[in-house]
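Common to both upcoming complexes is chain A, partnered first by chain B, then by chain C.
Entry: the complex of A and B
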């Protein structure tokens, strides 16, 4: 097939994913996933396992389908009307797209942090408490207060905001807002956290704080991160998946992908020849 | 590069001139609108302000037991039914013995408002010990006297062209000389319903009618309009043929002349459902039809303006679509929704045409007590008064316009306060 890279046409085959897409201790596993937006196919035959308590990074040029696959994992694509998904996506061995599966429950188990910090236009406290209130996780005010405090501490934000808990969350700096969003996500104690370019709107210092946070959170949670920064993928992730024009090109241990890529396209991308 | 700089420089002066011209256009547009608006307000104020004063006339009344045909022991009913008109006429005759003949005596009686009879009756019932005494009482003056007092009858005109004849002017001069004519604050205007007699006419009926009609409109159009907007914006399938048809129709409805809604209300609500005519309930229903498109369109715009990231954040936390909508999207859109609603309500408050169709143009003297009492509304009252031949209604028309504008200003002010209140939360 013909692939375009930087205006040049490469004649490189993407038949099937190279590397080691499958592992034993998988939290998520996708098999032959194809995603269509109307007539346009966004993902071709993606099969990948996502390891438990690991950080899996998804990299690739813009429009390669990495965000689309990420949003399939908590069924956020359900809200897009002409989005069709085929194949199987299993969380702990259960297909999340089965009829009896509830997207609300799924999203409580699989939290998400977005590209642009999007705190609710409410107080910091209410931002963190919202999910817990929604799912009835705290039975009284004292429990809720404790939960909010714990979540903020784990998101590394508590010290900075402990006197501002009832001030609007939108008044914080970008990095603080993103950590608030992470605190909001971990307040409902999900099993998996999906992060869609969580630092692309932040400066390097805030980015470093978030990256550290990710590493510490990965002890407890399974994390999937979509990123444009290869350095970030290299710094935080254990496994890396490279996407190209809707195809899952290569999956392997992060080290292997960056030092010894199997596929020509992966090599081109990580050596900066395009993308 | 140098040539580029020169090219740009050459055009700079022209660009600045263009900007300056544009500023002048804008400023003159604003100046023209401000001028017209102040012209309107000044004109209405000058015409309307005299209506807030009313002429009262002082008469010495002999509360004569014989004339009232009351025995030493009288029943309450007899007191209520006694002929008070007679003692007022008698007292006037005593004050102006010069009045001779039927015509002049009739004119003499017409110095005082017809309401004087009821006023005197109430006075006597409340103070029964005044029977048999002489009391100096103030009554409403007839509208002609009032118009004269406000300088709107020119005594230099020939007698045949004047509402007040020469002998009447003599009486008025005498009353003035004795300080028996006085302009006071017109409390009647705010405490009474409509009347055929200008001096007795007030806007309380119309104000209550407007208030009740607005209440019905508000209670119906806000929940229906907002629900429709929320459904269409948040839940309805996109690119669906039926949704598109509904959308186009709502947009078209916003442009339908309001009188058509009146005809619809007449046919459907009165003709089919048998809602009584002329009542605030039917007025509210018709104005709801008229206001709905405005509320739906502005609410949808407000909902659309809520950033999708808020919806994603809530959905990502496991909120259902309904929870996402009502916990986050609707509160965030609330200032816009309220603004749209109040604009719609202000429109409805000033609406006349559809109400003519459903009988709210009837002459109703009673102040409505509920949404099923016959009533009229402020703009219709203005229309009715502007149509009345009596000179004294002219100023009342303007005064009613001032009250209506006051209502609108208050509503807009409320809108601003509510916006501020809801926006503060964020």
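Entry: the complex of A and C
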């Protein structure tokens, strides 16, 4: 493929993903995934395993396709017109794009947290209870109360809001709102949590709190995070995937990627060089 | 790896600056070692004194580079090749500083030795060891300056010859001691000087290993070079 640096074109090959894209204990595996928006191809031949109960970080320049691939993992792309996906994506060995698969059930198993905290214009309690009620996870008020409390505790928010449960979620600080969204996701008892730049709207302290939370959640959940902060990927993840113009360039243990990446493009990106 | 520039020009300059300082420190250390060896072999008291008294400059520059590296890590959070460069630099300057100490030691012993009358030809026996050590140090610094793994690997292996030469010199000095026990105190000082030279070889080998680490990201310190 052709790259540009200082206006000059130079060749750097992205033949196949380097590093160790495949592992034994995979929760998700994508194979030869290609994604198109209309005529425009956003993902080229992406094959990667997502490790169970660990954090996998997806990094790369903006527009390289991180969010696109992330959204494939819970079929959020289904809602985008003109978006076509080929290849295979398996969750626990089962193809999630098979006809009989129900995207709504899938999204309960694979929850998502977005860049901008987006609590519903409802009380803190209702924000957390909403999805759980929808999926019939509590049969009475007592169970629901317990579930809301447990979810808020897991999201590291309970202490701060236990006396405000019936105040609107939108009245919380940005970092608290994001933890509320995480509590809402956890309440549905997912297996995987996808996070798309979950701290980019937050200050450094709120970011550190969310990062701590991600690390503790990863004991129970499989987490995939898209982040434009390389330091964040380095801090929280066990494995890192580097994307470049729709190509999955390199996947490896985070320690390896940040100390000794294999591909020149990865090196250029994480050291802040042109390329 | 390094010819591709950072987006931040300031960062490029900072990294370049650190590297240049290391090269400058290397130059100073090399000249100290050269002088120490000349002073020892030629029994030049004046030169020995100069060597013994100018280690300060080297220590200062080491502290300066350490500080720059700490600032770079704090401000830039270097990764991959940049990170390995900084780590290699921090390690290289530690070895350079130690080499400076060894040269200083030779200077001090030589000052004492010049006041002792000696009728053996033992200082000439140190000539080859001195030559080998200075060549190894020079080549190691050269490999670092150019980040040349091939040369670094080759240079690291010459440490074995230095060890052999040191053994040879020690045997000769011990023979002198046995021949005339009055020489023991003098000979011990000379042996310490030879030992300092041998240590400079070890430090030069370390420098070569950091070059390999920086370029290949591979730590060969305890696995050996193949």
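Rule of thumb we're sticking to: the second predicted complex is superposed on the first by the 267 of 275 C-alpha atoms of A that agree within 3 Å, B and C clash if a C-alpha of one lies under 4 Å from a C-alpha of the other, contacts with A are read in each partner's own complex, and residues count from 1 in each chain.
By definition in this document, a residue touches a chain if its C-beta (ideal position, glycine included) is under 8 Å from a C-beta of that chain, and two chains touch if they have at least 3 such contacts.
These numbers come from a predicted model, not from an experiment.
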Touched partner set for A:74, first chain B, second chain C, both or neither: first
Which superposed partner A:111 touches (first chain B, second chain C, both, neither): first
Which superposed partner A:270 touches (first chain B, second chain C, both, neither): second
First (chain B), second (chain C), both or neither touched by A:131: first
Touched partner set for A:175, first chain B, second chain C, both or neither: neither
Comparing the two partners chain B and chain C, which touches a greater set of residues in chain A: B
Chain B versus chain C as contact partner of A:65, first or second or both or neither: neither
First (chain B), second (chain C), both or neither touched by A:260: second
Complex interface listing, chain C residues touching chain A: 1, 4-8, 11, 76-84, 217
In the complex, chain A residues that touch chain B: 74, 76, 79, 81, 104-108, 111-112, 114, 116, 118-122, 130-131, 134-135, 168, 170, 181, 184-185, 188
List of chain A residues in touch with chain C within their complex: 5, 230-231, 234, 258-261, 266-268, 270-275
Contact footprint of chain A on chain B as seen in their complex: 237-239, 307, 309-320, 323, 327-328, 332, 425-426
